[in-house]
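You will see chain A twice below: alongside chain B first, and alongside chain C after that.
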Partner chain A sequence: MSIIVENDPLDQVDGSASFEFGATKVMSSVTGPIEAARPRNELPTKAYLDINIRPSFGVPSTRETLLEHKLGQLLPAVINLDQYPRQTIQIAVQILKNGEPNDYTARQLVAIINSVFIALINSGISLKSSLMATCCSISTEGEIRTSPTSSELASSVSHFVVVYSIEDQQIDNLLFCDGLGTFKQQQLFDVLDRAASEILLNFQQIRQAIASHVSQNYVWKA
Partner chain B sequence: MVRDYDISNNEKQFVLTALEQNIRLDGRKLLQMRDVHISVSRDEYGYAEVSLGKTKVACRVTAEITKPYEDRPFEGIFQISTEISPICSPFFESGLTTGGKQSNDEILISRLIEKAVRRSGALDLESLCIIAGSKCWAIRADLQFLNYDGNFIDISSIAVMVALLHFRKPDMEIDGNNVILFDEDQRNPVPLSILHIPLCFTFQFYNPNDDEENIKGNLNNELVLLDANLIEERLSLGSMTLTINKNKELCQMVKCGGLNIDASMIMNCCQHASNLVDDLTRKIHDVIRTDSELRKNPVEKELQVVNQRET
Partner chain C sequence: MSQTASLKLNRFPPDVLARIAPDMLLQKYLQIGLRPSLRKFDEFRPVVISCAGVGRYEASEPNGDINGVGSVLGSSIVKSGKTTAICLISGAIVEDDHELVNDYRTKLEKDIIDSDTHKDNKNASVYTEVEISRGASGPPNEEEIAVSHRLYETIYHSGLIERDALRIRLGYKGSEELEQEFVPHTNYSFVLYATIQVFSRAGPVYDLCYGALISALRQTRLPAVYIAEKRTEAGVRRVRVEEYDLVCEAEKNEPLKLNENKIAWSSTFGLVELDRDVPHDEDKMEIDTDGKILLAELEGEAEENIDTRITVSSNGSTLSGLSVYGAAGVTKEELRKAFDLANRRAQYVLNSREMEM
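Entry: the complex of A and B
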C-alpha cells in the first residue's frame, strides 16, 4: 500500500492533513481550541468535539453521520479533552475520493482516522498517544487481505477497520475494531494480528512525514 | 464561534498605499492572475483539483438516471452544489451549526456560478434526454472548497468546467422502453456535450481619492485589480464579475453596488478578460487532452491512429 501524506495544505485552519492510500483520498482540518459556538456545547470539564464529515458527492446523509459517530467515539480516547474545558475543537473532514463502492465505508474510515490524527498533531492539540488505522478483508477462501482494493472489498465475506494506539513505536492498545460480515473468532484474532503488523510497518512512513514537516517548521532554529 | 478575519489599520493602510503605487504584496501586476494549476484524476472520470495561488477547489461530477422535470420533458437535469464547509476557513460555519442558514458569501458564489455555467447553456441539456418525459440523465457537480485565499468565483468556474470536460458517462442503448447501460469494459464511456467554456474573471475596485472625486470627478483613476487574494478582497470597495468564453461572448456581467466605475473602465476590463480567456481555455484543453492520451491503452492507440482527428 502506498501512502501519500500532505502536511498542513490549508492555511486558514490550525492544523490540516490529507491522506491518500490507493484510490482513497481524504482531507481533514482541525481548528481549536476555540470558543463554543453555542452555550449548549460548552462542557464545564472538557472540550467539545465538533465533527463534520462531508461526502465526495451529494449531500451528507446518515452514512456520514455514522462515520462522525464512529470518529466521535474513538477520538476522546486519544485527545486530552480535559485540558481544554469549555472550549470547542472543530474537526472538518472532506472525502475527496471514495475509492470503494458507495455501500462501503471501510477505506474512507481508515483515511479519515489517519488524516484527522495527523491534522491533530499539526494543530498542536494535546494527545495521549499516537494512533493509526488500517482495514482488512477476508476473502471467500478465508484469506486475509490488508488494505483491500475496491474489487477485493466487494468480493469479500467480511471486512474490518482496526485502530491501534502506538507508544514508543510499539503497538499499545486496541482502540477501535469494526467488523462487518461473517467471520469466526479465530479469524478475528488473525485479523487483529495482521492489522497490528501492518500498522507498525506503515506508521514509520507517517512518522517520517510528520518529522520532516516539524523540522521544516523549525528551520529557523537550526 | 470563530471571529472574522481581522485586518489591522496598519496592514490595511500598507496594502492600500502599495496598491496606489501599483505594487501588490505577492509581486503581481494589478491585472495579473495568479498561476492556475489544474490536475485531474487518473483513476476515475469527472474529478478535478484546481488551485489558484493558495486558493484550492476540488470538483466532482456524477451522473444518474432520473425522471425529467414535468415542464421540461426533453431536457436532462444539471445541478451545481456549492456548499462551503468549515474546512477551508473556520469563519465559514457549517450549515449544521448555523441551523442550515447559508452565509451571504455562499449564496452569492453559488448564484454566480449557477448563472455562469448553467444558465449560459455550457452543458447541452437536451443531449441528456434518454426517453422523453420518463428518463434522463441528472448530472451533478459538487464543488468542494478546500483552501480560501480569495477569488472563489473564478476558480469555481474553472473547476466545474474542467470536471465536466473530464467526465464520461456510461454508454447506453435504448431497447423499447428499457435502457441498457454498458460497463466501462464493454464500451468506452462517452463525454458530455459541452457547448462552450464560460470562465469567470473577478475584478476588484479601489478608490485612491475621496468619495466626491469618485462620484463627480472625471479623473477615472480608480484602481482595478484582477484575481484578488484574501486581504485584497476584504479591503475592496466593490467588485465586478465577468463571464466570458473563447468566442468572445460575454455571458454574464455582475456588479452589485460598490464603487462607481466609469463605463469606459468596464470596457477595458472586458477587453482584458477576453485576452486572458484564450490562454486559460487552451490550458484547460491541454490538461484534458493529456489525460485522455494517458488513458488510451497501447493496442487501442495503434488502431485509432487511422481515424484520428484533431479536436
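Entry: the complex of A and C
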C-alpha cells in the first residue's frame, strides 16, 4: 500500500495530519489539552476525549457516530489520559475521500486511526505506544487481501480492521480488531498474522514522515 | 498523659464498594474464584426467549392484533437475568431505486461498461433503533446509536437477509396473477425497521439486542401486497399516469426468508488481570493464574469498568461480527478461548426449545 502523509497541514490547531492510501483520504486535527467546555465533561481523574467525525459528503449520521464510538474505544488505550485531569482533548476528523462503497467503513476507519495517531504525535500529547491500523478482506475463495480496493471489498465475504501497538519497531499488542461478515476462527488468525506483517512493513513509512517533520521543525537547532 | 488514636476500619457492603472502588471489589471476588454476580468466570446467564405476540399476523395470540391493521410484523421478548429486551419489527414499502439505477435503459453506454465492473451487494438489513431505558427521556445517546448502527452493519454484512427476500411480488386481491401489461415499471421492496427497548440494563446490552432482533426477524411475516384494482384501468386516449394504491393484505402473508445458516448468537467477554498487589488472604486464594481471566457476559457495576472486551457472534461454528478492543492487548490464545465459549453458547441457545418457538 502506498501511503501519503502530510504533517501539520492546519496551523490553527495543536496538531494535524492527513493520511492517504489508495482511494481513501482523511484529515485529522487535535486540539488539547484544553479547558473543558462543559462541566459535565470535566472528569476528575482523566482527560475527556471529544471526538468529531465528518463524512466526505452530507451530514454526519449514525454511521459516523459508530466510527466515533470505535475511535473512543481505541484511543484510551494509547493516550495517557490520566496525565491531563479535568481537561479535554478535541479530535476533529474530516473524511475527504471514501474510497469504498457506502455500506463499508473499513478503509475510512484505517485512515482515521492512522491520521489521528500522527496528529496526536504532532500535537505533543503523551502517548503510551505507537500504533498503526490496516484492513484486510477475505474473498469468496478464501483468499486474504491486505488493504483491499473498493471492488475487492464489495465482493468479499468478510473484512477486518486491525490495529497493533508498536514498540521498538516490533509488533506488540493487538489493540483493536473489528470484523464484519462471516469467517472461520483460523481465517481470523491468518488475517491477524497478515495484518501484523503488513503493519510492520508500512510503519517505516509513517516513521520516516514523522522523523522528517521533526527534523524540519527543529532545523534552527542544527 | 498519653492518648492513643485508633483507626477504625471502614467496612462497606459490596454494592457500595462496587461504586467507590469497582476495581478493588472485582479483584476481591476474583481472588476467591467468583464474580460479583456470584457466577463462575465462564458462566453465562440463562436466557429466555419468547414471542411477544403483538404482531399484525398473530391474531391468535392473547395480545395479537385482531383487526390486522397494525404495522408490527414480528416481535420478541428476550430476558436474561434482570434485563429485558423487547423487539418490534415494522415495515414500509419503498420504490426499489436500486433496480432503477441498474436498468440499462436509463444508462449511457459508459455507465453500462462501468456497472459491469461494479458488483452490487445482494444483502439487505434492518434499520434498528435501540432505546435503553434509564429513567430519563431525551435524544438517543452515543451508546444507543452505536449499538443500533452496529446491529445494522452486522446483519447487513452477515448476509442474513437477502435483498430478494424483501422484494414485493405484486398481485391482484385473491390468488390471481397480475397480467403482464399492468405490471408497473418500478419495483417495490419492503424496508424493515426494528425498535428495541431495553429495560433494567446491567452490563453491555449488545448481545441481548442482537438476540432480540434475530428472534423477532424469525417471527416476522411480510404481508401480501396487491394493486387496488381501480387504479389498473388503463384509458384508451388518456395519458397513462402511473399511480398505484398498494394495499397490504390483512390475512395473506408469508414468513420473511432468512438465511438459516447465518442465524447467530452474540457473546461479550471481558478480560481482566488478577492484581497481585490487592491485599489477599493466601488461604482463601482459589486461583493461581498469572494470565488474564476471561469473564463471560459482564454484569453489574464492578464489571462495567473492565475495558478490554471481546464481542463475537457465532452460529455454532462460523463467526460473524467481531469487535475486540482494550488497552491490555488481546492474545490469540485468549481469542481462541473466547471463540470456543461463544460457539458453545451459540449452539446451546440456538438449539434450545425457546428459539424454535
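Everything below uses one rule, namely that the second predicted complex is superposed on the first by the 222 of 222 C-alpha atoms of A that agree within 3 Å, B and C clash if a C-alpha of one lies under 4 Å from a C-alpha of the other, contacts with A are read in each partner's own complex, and residues count from 1 in each chain.
Basically, a contact is a pair of C-beta atoms (placed from the backbone, for glycine too) under 8 Å apart; a residue touches a chain by one contact, two chains touch by 3 or more.
Just so you know, these numbers come straight off a predicted model, no measurement behind them.
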Figure out whether A:Leu175 sits in contact with chain B (first) or chain C (second), or with both, or with neither.
second
For A:Thr31, using the defined touch cut-off, is the partner it touches chain B, chain C, both, or neither? Pick first, second, both or neither.
first
Larger contact residue set on chain A - chain B or chain C
C
Please work out whether A:Ala106 is in contact with chain B alone, chain C alone, both, or neither, and reply first, second, both or neither.
neither
On the A-aligned overlay, A:Ala47 touches which partner chain: chain B = first, chain C = second, or both, or neither?
neither
Touching partner for A:Met132 - first (chain B), second (chain C), both, neither
neither
Just checking: does A:Gln90 make contact with chain B only, chain C only, both, or neither of them? Give me first, second, both or neither.
first
I'd like to know which partner A:Phe57 touches here: chain B for first, chain C for second, both or neither.
first
So in the complex, the part of chain B that touches chain A is made up of which residues?
1-2, 41, 43-44, 47, 49, 54, 56, 58, 60, 62, 81, 83, 85-90, 93-94, 96-97, 140, 142, 144, 146-149
Complex contacts: residues of chain C adjacent to chain A
117-121, 142-143, 145-146, 148-150, 152-154, 156-159, 262, 307, 317-332, 335-336, 339
Residue ranges of chain A touching chain B (in the complex, touch as defined)
9-13, 16, 23, 27-29, 31, 34-38, 50, 52, 54, 56-59, 90, 92-94, 96-97
Give the list of chain A residues in touch with chain C in this complex.
62-63, 65-66, 68-70, 72-74, 76-77, 101, 103, 105, 128, 151, 154-155, 158-160, 165, 172-185, 188-189, 192
